[in-house]
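Presented below are the structures under discussion, each in the form of C-alpha cells.
In what comes next, chain A is part of two complexes: it sits with chain B in the first one and with chain C in the second one.
Our next item is the complex of A and B:
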C-alpha cells in the first residue's frame, strides 16, 4: 500500500471533569496513508473530534493523552515526529496548519467576523509559505478560485457576513489549503450546511485532494457522505475504532454488530408504514471503565463473552479488521441483519 | 454613511431643541427670587421693573424664540446670583477647560493602563497576573471611592511633596487628581476587556485560527482583541465628552476650579440662566457622545451598517 502519513498506536485520551476521569479515547490504533480519504464515522460523543484534535494539540485544557503514540511521517526533512511528545505550544506551531490543517463544522462561526476573508486566507499563506505580501495576495486569489468562488478580486475584500454558509465553508477550506498541509482533517464539514450544498462541498474536497495531494480525514456521522467519498472507513464507538476497512468492506461486508446497527438505521426509500430503525439504549458511560465489548449492552445478539472480555481485532482481509468476538473461530454463527444483504444487492445508497 | 451622519446630526439637533425648550419652560415656573441677588430688600415695583428689563414678563413663546436667537449668537445669558452680571459663557469658559484637561488626562491614563491590563489578564487567564488584576478590580469596586481618595490625597501629597490643594500651573499637582480619577476607569476597562476577550477566545474562529498555526499571542492580538474591543469602543466617546462635567468629589477634594458640582450649586442658588447653560452643555455631551459611539462602532465592525435598514444583508 501507499506511503504512511500518520500512525496512531494504542492512543488513550482522558478528560478531567470535576475530579472524575472521562475515558474519551480507549486505545485506538490507526494508519493514515498518503492521498487517501479516511472517513471516521460514529454517533455523537463517540470521540471522533477529540481523536483528531489530538493530532494537532488542540485538545481542551483538561484533556490529556495518557497512553500511546502518534507518529507523523510527512515532514519535509523526512524525519518522523512523535506528536504525542510535543508539550509546548511553540512545538506545535510547526505542525498546526503547516503539516495538518483542519476544517470545522460550522462555517457560520469559524471565520473572524471583523477581518476580510482575503486577510484571513492570506494570514495562512504568509504563515506557512515564504512569500511576500504581493505574492501571497496572488496566491490567495488563486485559492479563492480553486475553491470555486467567483470574482475573487472583489470577494477578497469582503467580510464573512457577506457570504452564504456554503461560500463560507469554501473560504474555510481555502484557509486550510492555504496552509499548504499534508493532512486535511474535515470535522463534519457538511453537517451545518444545506443538503443541496453538501454534495458540492464534498466534490470540492475530493477535487482538492488530487490537486494538492492531500491525505484527508473526514469525520462524519452521515453514512451517505462516506459512501460518496471515502476510500477507507473507520467506525468509532465509545472512544474506540470497532471496525475499519475500505468503503467496500464496510458497506458490503460489515462484521461488527455496531456497524450493522448503523447501516440498519439508514432511512430506506420505498418502505412505507414501518418505523425507522433506531439502536436501542444509549452509549456507555465513559466515566466508568468499560468492560468487554462496549456495544454489548445494546446488542440483542451479544454473546456472553462480550460482557466479560474486550475483543481484540480480528482480520477479515488485509484491509479489513473488526473488534468483535463474532469473528473468533469458536463463535456461533450470527447472521447480519437483512439490510446488509440489501446493500449488497444495490438496494440502498 | 455621510447621508446617515447628516440625518443623525439633524435628529440630534432636534433632540437638543426639545430638551432646551422643556428645561426653559420648567425654569420659568421657578420662583422669581432667582433673578435677583438681593430679592428680600426690593420693593414690588423694583422687582416688576427688573423682570420687565429681563424680558421675563413677555409671553412664553416670545421668550423661547428670543432664547434660541441669543443662543445662535453664542449668548447664554447672564448669571444673576452665582456670579452676578457675568455672562454664563464667560463663567463656563473659565471652568470647562480645567475639567476637560483633568478628565482627558485621566481617560488617557485609564485607557493606557486599563486596556493592556485587561488584555494581559485574558492572555494569562487564571495565572498570577490575572489574579492580581482581579484583586485590584475587586478592591476598587468594593471600597468606596471616598475612602481611597482620601488616602491617596493624604499619603500621595507627602510622597510627591506637594500641597493638599491644587495648583493649576504646577504639573506635579496634576498627578494625584488624575490618578484618583483614573482608578475606577482602569478597573472598568480591565474588567470588561478581560471578560469580552475570554468570551471571544472560546469562539470557533479562534479555534480555526489556532488550527491555522497562528501563535497564541497572534491569536490574542490579531483576532480576539479587536473583536472584544468593539463593544467597549461604543462608550469611549461618551466617556471622553463626559469629562466636561467634571468629578464632584475629586474637584472639591483638591479644590480644583472646574465644573464638578457646578450644576448642583446653581440649582440650589436658583440661578436659572446658569442652569440653562449647563443643561445645554450636558445635553450636547450626551447626544454627541452617543452619536460618535455609533460611528466608531461602524468603523470597527463591518457587520454594522448604519446607512441601511436593519435586517439588510
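Our next item is the complex of A and C:
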C-alpha cells in the first residue's frame, strides 16, 4: 500500500446555531495516500466542504471538532501532526498553504482585483519558499507556464479582470502550487466554468499531480467529473461517508442505495420521453440525532433494520466498503438498478 | 406534415455599445420554433444565448432582423395591445432562484404579481384560488403562499419561479439555465416538472443551457451557438449522434460521462476558430443531412460530410 498522507479517524464536527447543535460531520474515518486523487461526492449540505475545511483549520467560529483525530504525516521533519490539537492561528500557518493548499469554486472571489496576478503568485512564492525577489519572479513565470498560461511575461503584469474564467482558475491553481503543498484540496474547482474549459482544468490538475507529486482531494457534486479524474471516490450523505472505493468500484459495482440513486439521477443517463429518476424526499435534518441509516427514509427498498440501527462498514473488497445493511449476510438480495448494468457495459455513449 | 411555427427569428442582430466600442453579441441568427416543441439553444458563456432569450422577451432592443411571434413582428416598436399579448403569453424562468425572487415579498405576491397587472378587477378570492392552484401544480403546499423566499431551498424556489410563469397561462416559456444552480437530485425533479407541464398545457419551450447532456434529455431540436452565430442546428438525436461542426464535436467530447474507463481513454477535442479559412470563401448555412444545418463554406462542407 502506498504511503499515507493523512488519516482521519472518527471525526465529528458540530455547529452551534442559535443554541441548537447541528451534527455536520458524524464520525468519518478516511485515509489519503500519497499521489492519489480522491474525490468526495455529495449533494449540497452533505458536509463535504466542512469536512475538508477542518483539515486547514478553516471552520467557522461556531463550528467545533467534538471528537476524533486528523493525523497529517507529510511534514518535512517526518513527525506526524495531529491537526485537531492545533489551536492558535500561528500553528496553523505551518500547515495552511505550506502543507495543505486549497482551491475554491469561484476564481473571481479568490483573487485580489487590485493586484497583478504576478504579484499575487509571487507573494505565495516569497512566503513559502526561501528565495530572493529575482528568483521568486523566475519561479512565478515558471508556474504560469506550468498551468498553461501563454506568454507569461506579459500576463505577469496583468490584473484578474483581464483574464477569462478558465484562465483565472489557472492562476488560482498556480498560487496554490506556489505554496509548495503536499495536499491540494479542490473545492468544486470547475463548477463555475464552461464544459470545454472544465475538461481542460481537470487535465491540468491531473498533470500537476504528477509533476509536483501532490495528493489531491477533489470535492464535487458531479459524478461525471469524478469518473474523469478520481482514483478513489468517497460518497457522502448527511455528514457521513456511506461508500468508498476505487473509481471502478463505485461506478461499476456500487453497493449503497444512495450511490445507486445518485448514479440514476444523472442527466447523462436519461432516456428521452421518460421521466428522469429523482430521489424522493429531502436529506435528514441534522439538528436531530439521525437514527439508523440516514438515507433510509428516502429509500423505497429500505429494510426494517435501516430505521433502527446505524449500519457498520461492510467490506466488499480490500479497496471497497459501504455502510449499508444490504451487505450483511442475513440481508435479502436487492438488485442494483438497471443503470448500474448500463454503465458497466459502457452502454451510455 | 407542415408544423405550425410559433416563433421565428430572422437575421437577428443584437449589439451593445456604439461606434468604436460596438460589440456584436448576436450576428444574423435564424431559427424557427414550432408549436409544442422544446427548442434548445446551447453555447458557452459569452456566446449570446441569453441575449437572444432576452431579445425575444423584449428586455433588450435588437439592432437588426425580425422576431415573429405567431406571424407578428414583436421586436422594435409595436402596438400596446400586442405588447400586452406578448407579455402575457411569453414567460421566462431564470437561472438563479436566489436572485430572481423578490426577497421582501411573500410567495403569494411573487406568484400573482403578473396576474394583478393584467386582471385589474380580479377578486381577492379568485386571486388566492389561482395562487393555490399554481402552487399545487408545481408540487408545493398552499400554505407556502404566506412565506418569504428565504425560507425555501433552491429547488423549491425554482418551483416558485415556475409557478409564477405558469399562473399567466403562457404559450411559450423561455427557460434560461433553469437547473444550473441546482443539485443533481433536485435537477431531475425540476426537469421532470417542466416536461410534465409541457404535456399538460401544451407549452412550447426555448431552453437555454450550456450543458449538452441535459439538453439531450429534454429538447426536440438543438441549435449550437458560438460567439453570436449559430454553427449547427438539427434534431437532438441527430445532433448528438452525428455532430458535424468541429465546435459541436468539441462540446460533446467535453461532457464528462460517469464511466471511468471511457473517461480515461477519451480524447478531448479542442475547437480553434482559426481553423476556418473564411477569407476567400465565407461560410453559409448548409443542409448537410436532412433537417441538419451547419455553418460551413463549400470546401468544409465537402470535407466534414465524408
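Basically, the second predicted complex is superposed on the first by the 345 of 349 C-alpha atoms of A that agree within 3 Å, B and C clash if a C-alpha of one lies under 4 Å from a C-alpha of the other, contacts with A are read in each partner's own complex, and residues count from 1 in each chain.
Just so we're on the same page, contacts are C-beta pairs under 8 Å (C-beta built on N, C-alpha and C of every residue); 3 or more make two chains touch, one makes a residue touch a chain.
The model shown is predicted, which means the values in this text are computed figures rather than measured ones.
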Superposed partners chain B and chain C on chain A - clash or fit: fit
Touching partner for A:276 - first (chain B), second (chain C), both, neither: second
Which superposed partner A:346 touches (first chain B, second chain C, both, neither): second
Partner chain(s) touched by A:251 [first = chain B, second = chain C, both, neither]: second
Partner chain(s) touched by A:128 [first = chain B, second = chain C, both, neither]: first
Partner, of chain C and chain B, that touches more residues belonging to chain A: C
Touching partner for A:266 - first (chain B), second (chain C), both, neither: second
Vertex chain A, arms to chain B and chain C (CA centres, degrees, nearest 10): 70
Closest approach of chain C to chain B (Cα atoms, Å): 8
Contacts on chain A seen with chain B and repeated with chain C across the two complexes: none
Residue ranges of chain A touching chain B (in the complex, touch as defined): 56, 58, 89-90, 93-98, 101-102, 104, 106, 109-115, 123-124, 127-128, 159, 161-162, 172, 175-176, 179
Chain C - residues contacting chain A, complex: 44-45, 153-154, 183-189, 191-192, 195-196, 210-214, 216-218, 236-237, 250-251, 253-264, 268, 270-271
Residues on chain A engaged by chain C in the complex (per definition of touch): 43-44, 165, 194-200, 202-203, 221-230, 247-248, 251-252, 261-263, 265-272, 275-279, 282, 343, 346, 348-349
Contact footprint of chain A on chain B as seen in their complex: 203-205, 207-216, 222-223, 226-227, 230, 300-303, 313
